[in-house]
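Here chain A shows up in two complexes: once beside chain B, once beside chain C.
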Partner chain A sequence: MTTTSQSLPKRHLSLRQQDARIAWLLLVPSLIVILGVTLWPVISTFILSFYNAPTGINQARTFVGLANYIEMLSDQTFWETIGRTVYFTVVSVGLELLLGLSVAQLIHSHPWGWQFMRFSLIIPWAVPTIVNGAMWRWIYSADFGALNGVLMQFGLIKHYVSWLSMPDMAMNLVIVADVWHTMPFVALILQAALATLPGELEEAAAVDGANAFQRFWYIRLPQLRPAILVALIVRTVDAFRVFDIVYIITAGGPAFKTITITYLTYLYSFSYGKQGTGAALSFLISIFTIIMAFVYIRFLYKPEENQ
Partner chain B sequence: MRKRKSIFNQKFSRNLLMFLLSIPVLLFIFAPILWLFSASLSTQVELFTVPPHWIPDHPTFQNYLDIFFPSEAVSSVPRTFAVSLLNSFKIASVVTLICLVFGSLAAYALVRIPFKFNHTIQIGILGLRMIPEISLVIPLFILASSLQLINKPIVLVITYMSFALPYAIWMMAAFFQAVPVELEEAARLDGCSRLGILFRIVIPISVPGLISTAMFVFLVAWDEFFFALIFTSTLDAKTVPVAIAEFIGRYVVNVNGMMAGGILAALPPVLLALIFQRYIVSGLSAGAVKG
Partner chain C sequence: MRTFQKTAMFMLALVTIFSLVSCAPQPTPKAAGPVTIHVMTMDQAGLKPAEIDQIVKDFEAQNSDIKVVMEYVGYDNVHDKIVTGMAANPPGYDAAMIDVIWPDEFIKAGYMLDVTDRVTPEMKAGIFPASWNGVTRNGKIYGMPWLMDVKYFMYNKDMLQQAGFTDPPKTWEELVEQAKVIKSKGIAENPIIWSWNQKEGVVCDFAVLLFGNGGAFVDASGKPAFNDDKGVQILTWMKQTIDDGLSNPASISSDENAVEANFLAGKSAFAVNWLFQYSDSNDAAKSQIVGKAAFAPMPVFAAGAAAGVKGSSVDGSSSFAVMATTPYPDQTWKFLTYLASNEVQTKYSAEMLPIWQADFQGDALAKLEAATPSNPVTVPAFMGQFPYANERPTVPYYNEASAALQLAIQEALTGAKSPKDALDAAAAKWVELAK
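Coming up: the complex of A and B.
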């Protein structure tokens, strides 16, 4: 009796310790990889941002303190680029949410062919970003593009327009291409969320005389909040670092009017040969990402579910 | 009777309205893709017409043949496209495999074994997952250059881990969570070890989740452009997105080649996604990452 009661807690403890050892063993491969390809480069980039680091071989780095940051933060181009990136993010994420929610509602109302529509949404989502960009680039083409062709055939324009060389238009056209590619992601997430909502609340509200808009605004939308937040945060982080689609459709043109913050960082790091400035810029992008990550964790990570 | 009929009419007109509303949506989805496909079947001459030939008068598979069976006259860009398709396949497959193995081990430990830093590591992985590629690329590029790894497929496999592995861990953790704890406890009482539980109970039950994870990781690896652009330029490791970007040459754009290449590049992920479509929604909610 006494021996068992003494040995039991001891054995229990050693089991826990054993468990902890197994846990670390299971984690080691992933942790090594993550430390090597994510944590080390982030820290290294941060350190680099305090140096003047020309790209050339054997060119010495010199410590410059906050000079890279000061150079950027006092540069008109930087702020214009931030403004442009924020414009892209707000407009494209806004459109995606609006359209995605509408399409999700449409599918949820189960009209004829709704299954086909849900099936179709997968296609633009799965098309690679670069293919999407190449496709829209050709659609917008000034000489033989489909956009010009359609508008001409409907008599909306008299002669072909060089859409992508219009500074105010180019970014909006990139946004359209981005919305085509990513709206289905939002629609699929929201449609899945809609399908799990219990209908009783809305039915009860209908009996109490709430109209369709009131039922949507006061009952359905609040219930959709978690799904909308997931879509919103994931898309915002993604849109803010946009690069691929701009690179392929406009290459930053016309006259730098579609250069986004990631693009500017890419230019500093790999074209202008100023890696220190590039590092400072990319750290500024990281700060934004860290803030968004914090919001994400705060709103969506529920530790009690993960234990 | 009359009332029932009016309810039927109401339902019918609502259904009709929704159906009519879905037509522009379907048009928005399909028009660009169909135009891409039509262009890929056109000759250069027919593509460069005003107004456009929406359906080519003389459809041809020549653009595809130029990619797979290039004659001497074909320029180097389409000629090398097939090689980059193969590169993409190899790289995305290896990334997927490593992520599944490493990721399932890590995810199990995080979900089911309580230990001191469990929580910290979870938050760390979630946070690091959101770090943009641009914040990693300079040190990785300097290191890869000094190790002479530029233009080697291995450099893409390694760097793709930065976004693919945390993503895979996070997704699989969500799926493993759904495995009933009671099953594990029963197995432990029967003397099954932690690893035994993982391989005999948790993984077999989570097969749909693993398929979903594999598909998502393959898709993001196939889609990746930024690292591929920085780290590869020769045929040894160049992936499909870089090859497509190269169709836009310095002076001329090889449009019909680019369109055929685009269809070929889109086919594997689109087919994968359509075949495994029932895993997509669960994967989207579990990982919520590919935009």
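Coming up: the complex of A and C.
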């Protein structure tokens, strides 16, 4: 025993190496959890996307390679759905940005009651999406809706209108409900960013004769760009994956005119029992959202601003 | 430092063990105390949640070893919740309501327990054969029948009287004539309300009209037939009634609950819906037309009548399945047999008539009609309408096929496609799915 222990010289670790080892040991539990609840399902779904995988217990899965992807990419319904989802995303996020920036500016100017206004902003955002959807469905109701009631009061319509039965109108009504719900998120991010901006630049520009628009456009807006980038990325990714508000307000109708890509994924995965196709759609959604995030970063992110 | 390392290693080992244990398949639990079973059903047709809750209480009082946890969801969510619930082991639900259109898919998926050996001869002989047909495939029984329902034609007696009509329409053509008068007299802006939203309801209403015109979903060889002349005629008719303002345009975004809300608010003279609408129409807390709603046999088209069609409706029955992977099949079956027992079904027959044949014969019929205030009206309506209930296709891919038909109907109703083109596209999809 003595001989053996003498023949194996003990390896001495530096303090830095010991710290690194402890750090890794402490990280391992978290890594296991992350691997278990995030990475493994992602890998598993990715593998599933190459199979014909009907729902059910002990159902035989057939390897089909890229067939699920090819089927979707060559399907007219898929591209129509992508177009519809892009429309929802662009209009919804665009309106949220415009309105959010306006509201943030208003609060930043500290008018009377601005603190109450800022507090009130949280309310629509705090309402669960399902509740928000149910509320707007009632507002749009043909027989009992507040929208028809208000328009009738003002004499703008002569008969109650079935808004959600109109294919060209339904998606826009869902967008209105979504903007009401999530615009406060954008407004709060931008208002917080506005509060941190130094006022000297705008004061100096005012002294030099710049008008309000010029001060906003050339000084304030560029400084807000990092906050706008964050708001746009978060909201765009969220909007592109929209599901619940559509499910509640229109259930994809009329005539599939409000079916979004996540809704289509849900239909294939759970209603149609085609998990392989649903998994392929999930990854196509991921690719589209990564492309959009890349485009934002490419055009809006200026590294020098963070230095 | 060494002690700290040992502690860290111990924590790591603990977390790893817990992670592995939590990922391992769950062993079948042994029933040491009261067993809890989870049952899901719809909050729409059939019994109201409060009534089922009362049934559960009564059952638990008689069976102290079983606790029942009910979950009520909208009809349109039941299918998908069963699918997600069955992904777990043990499953999210020990029993679930199964619509008449799902057994083929769910039996193929292995979700429904074969209960053939549990069904007693009394049950087999006592319950309507039509109910057993819904849960029987290849001679095996996969569920306990629970609800026999069909779509009914209901009208507002006051509105018809105001319009000068003494009898409800017998054909859809007569209905259009009556609706025109009702509209022209300003009694109702849109006299007819339907559940034509992009859900199963629109397929049910389409089926009612299709069979009433002598049509069918598929021909004798199993190929789609709903896009033939008879199918195109009725879809054209549906669109025309909307264009003429006779059918409420809100029908395109209305489910059965919205139809009921509209009819009970006194906004429509005619509605096609399930049985539950009738008892609600006499509930003053929900209805502005208490005592004014009445049943009439579902109209048919004149051409259908000429071809010998005497009546038409669609079967909307449902059953309860014991989920295949439940650890408590015995307790679950015991509860389901109680839920479907003759005694319970007679007691709660206001919105859901019994599945037991004997209740509709002899002295038992009189007893059934006296069981609730609604029954003197609903029992004869059921007996008159159920024989004309038609089935939707029984295929494992029904949901996707139905979605294609829903899309076609809505495209035609909204003017995006002609009825012929829309139905042809749906028929092509059905052929593709059948391959």
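Here, the second predicted complex is superposed on the first by the 273 of 307 C-alpha atoms of A that agree within 3 Å, B and C clash if a C-alpha of one lies under 4 Å from a C-alpha of the other, contacts with A are read in each partner's own complex, and residues count from 1 in each chain.
One rule holds for everything that comes next: a residue touches a chain if its C-beta (ideal position, glycine included) is under 8 Å from a C-beta of that chain, and two chains touch if they have at least 3 such contacts.
Keep in mind it's a predicted model, so treat the numbers as computed, not measured.
By the document's definition of touching, of the two partners only chain C reaches A:L267; chain B does not.
Of the two partner chains placed around the shared chain by superposition, chain B is the only one that A:M152 touches, whereas chain C remains out of contact.
In the superposed model, A:A279 lies in contact with chain B only, and not with chain C.
Looking at the shared chain after the overlay, A:F256 reaches chain C, while chain B stays out of its contact range. Of the two partner chains, chain B is the only one that A:L48 touches; chain C does not reach it.
When both complexes are overlaid on chain A, the residue A:E80 reaches neither chain B nor chain C.
If you count the residues of chain A touched by chain B and by chain C, you find the higher number for B. Judged by the touch definition given at the top, the superposed model places A:E71 against neither chain B nor chain C. Counting contacts as defined above, chain A residues 22, 26, 29, 33, 36, 141, 143-144, 160, 266, 270 meet chain B in one complex and chain C in the other. Residues 16, 19-20, 22-24, 26-27, 29-31, 33-34, 36-42, 44-45, 48, 103, 106, 109, 111-114, 117, 119-131, 134-139, 141, 143-146, 149, 152-153, 160, 180, 182, 184-185, 188-189, 191-192, 227, 230-231, 234-235, 237-239, 241, 243-244, 247-248, 262, 265-266, 269-270, 275, 278-279, 282-283, 285-286, 289-290, 292-293, 296-297, 301, 303, 305-307 of chain A are the ones touching chain B in the complex. Against chain A, in their complex, chain B makes its touches with residues 14-15, 18-19, 21-22, 25-26, 28-30, 32-33, 35-36, 39, 47-52, 54, 101-103, 105-106, 108-111, 113-116, 118-119, 121-123, 125-128, 130-140, 158-159, 161-162, 165-166, 169, 173, 177, 194-195, 198, 219, 222-223, 225-226, 229-230, 240-241, 244-245, 247-248, 255, 258-259, 262, 265-266, 269-270, 272-274, 277, 280-281, 284-285, 288-291.
For chain A in complex with chain C, the touching residues are 18, 21-22, 25-26, 28-29, 32-33, 36, 54-59, 141-144, 159-160, 162, 164-167, 170, 250-257, 266-267, 270-273. Considering their complex, residues 1, 4-5, 8-9, 11-12, 15-16, 19, 23, 76, 79-80, 83-84, 86, 105, 108-111, 189, 197-199, 248-253, 258, 261-262, 265, 267, 324-325, 397, 399-400, 403, 407, 410-411, 413-414, 416 of chain C touch chain A.
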